[in-house]
Amino acid sequence: MSVLLEFSMVPMDKGDSFSEYVARSLDIIDKSGVSYKLNPMGTVLEGEWDEVMQVVTDCYRKMSEDSNRVSCGIKIDAQKGKENRLKSKIKSVEKVLNRELNT
Amino acid sequence: MSVLLEFSMVPMDKGDSFSEYVARSLDIIDKSGVSYKLNPMGTVLEGEWDEVMQVVTDCYRKMSEDSNRVSCGIKIDAQKGKENRLKSKIKSVEKVLNRELNT
Amino acid sequence: MSVLLEFSMVPMDKGDSFSEYVARSLDIIDKSGVSYKLNPMGTVLEGEWDEVMQVVTDCYRKMSEDSNRVSCGIKIDAQKGKENRLKSKIKSVEKVLNRELNT
Amino acid sequence: MSVLLEFSMVPMDKGDSFSEYVARSLDIIDKSGVSYKLNPMGTVLEGEWDEVMQVVTDCYRKMSEDSNRVSCGIKIDAQKGKENRLKSKIKSVEKVLNRELNT
């Protein structure tokens, strides 16, 4: 089973600039050993359910140390019999169109 | 800490009518003992982080028994020093407007 | 076509308590004439695509008058040949389980 | 105002493999002239509100020609006084950590 999980997590009590707090999450993600790709609106993880959920939980524990209110959005696409979907999902769309897209 | 978690989980390989599968999740939620409210687009749980995440995980385990591809959206609003927000968040908006809204 | 659209919209620069701003959106929604139901994590609208999108746009115009950074999550379930799904989606799940759920 | 809008749109009645339908959306996006970046879980657009919403609407019109039930998730981060956030949001996180991340 390949679980793709995209999430973004932000503190609600730090004003409208909070890259310092997002960076702490990315540090946790980057050091977790889980495959990931950062995009402008979130981070996509790939792994087993427990593995990717643990990363989200670790980020939540850290952010809730510093913030009174934490907001988080998560989107999951879990598919059996697949792997390396961080790359293959984009490739399959490019293959249909027979051209490269902006990634 | 009050963690409000709304989620919806659907099988992607069962056609465009899947209330049978959603009902299995609601059965798990309803029997979990966790506070919840069902709406037309998802279910909102309230509890501690581990508690509400366990309910989502239990629903995922069940649905992935029957489906090759599971899609799930989760939205979290975690706030310190609050409780009973399943009711109080709506009430605080109605209080500002000084009238009842459709709920 | 019945378009169910759930959304939540918050200002990112007003601290961790912003029900005053959410109330302005609910005032717009409530006066729009579009069918809706408010829940603790968002508001579900039902109508045609242009109709529900216009309500979201109106709320955005209002909130961006007062805020430098606006965050918004939207989830859409559009289905042909259906109506009154604000009620019927919940009913169909309760029918499978043969009992009432918390709504 | 820079409106970053990430969305994913899928048909619910085409089984668990639907890259053909996603490709039609990407063709619309790619030809729209709006700045975008595709990731494994969605596409992030940047532009004015009306501009990015029009792209989503165009994709919806196309997909609802072929599908009886369309599901769509949208996440918006609109900020005044900023531009080129498709790149700058990632850069600002990398700057805090003083290293490159997987993008």
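The letters A, B, C and D name the chains in turn, as written, and every chain counts its residues from 1.
Keep in mind that, in the parts below, a contact is a pair of C-beta atoms (placed from the backbone, for glycine too) under 8 Å apart; a residue touches a chain by one contact, two chains touch by 3 or more.
Since this is a predicted model, take the numbers as computed values, not measurements.
Undergrad: Any idea if chain A and chain C meet via the same residues, over half in common, or different ones?
TA: same
Undergrad: Among the chains, which has its CA centre at the largest distance from chain B's?
TA: It is D whose centre lies farthest from that of chain B.
Undergrad: Could you grab the centroid distance between chain A and chain D? Build each centroid from C-alpha atoms only and quote it in angstrom.
TA: Using C-alpha averages as centres, the distance is 15 Å.
Undergrad: Let me have the rounded angstrom distance from the C-alpha centre of chain B over to the C-alpha centre of chain D, please.
TA: Centre-to-centre distance between chain B and chain D: 25 Å.
Undergrad: Counting in whole Å, what is the centre-to-centre distance of chain A and chain B, each centre being its mean C-alpha position?
TA: 21
Undergrad: Find every residue in chain B that makes contact with two or more other chains and list them.
TA: In chain B, the residues touching two or more other chains are 16, 68-69, 71, 73, 75, 77, 79.
Undergrad: Enumerate the contact residues on chain B facing chain D in the complex.
TA: The contact residues of chain B facing chain D are 10, 12-13, 15-16, 68-69, 71, 73.
Undergrad: Quick check on the complex: what are the chain B residues that touch chain C?
TA: It is residues 4, 6, 8, 16, 19-20, 22-23, 26-27, 30, 36-42, 44, 46, 73, 75, 77, 79, 85-87, 89-90, 92-93, 95-97, 101-103 of chain B that touch chain C.
Undergrad: For the complex, give me every residue of chain C touching chain D.
TA: Residue positions touching the partner: 1, 49, 53, 57, 60, 64, 68-81.
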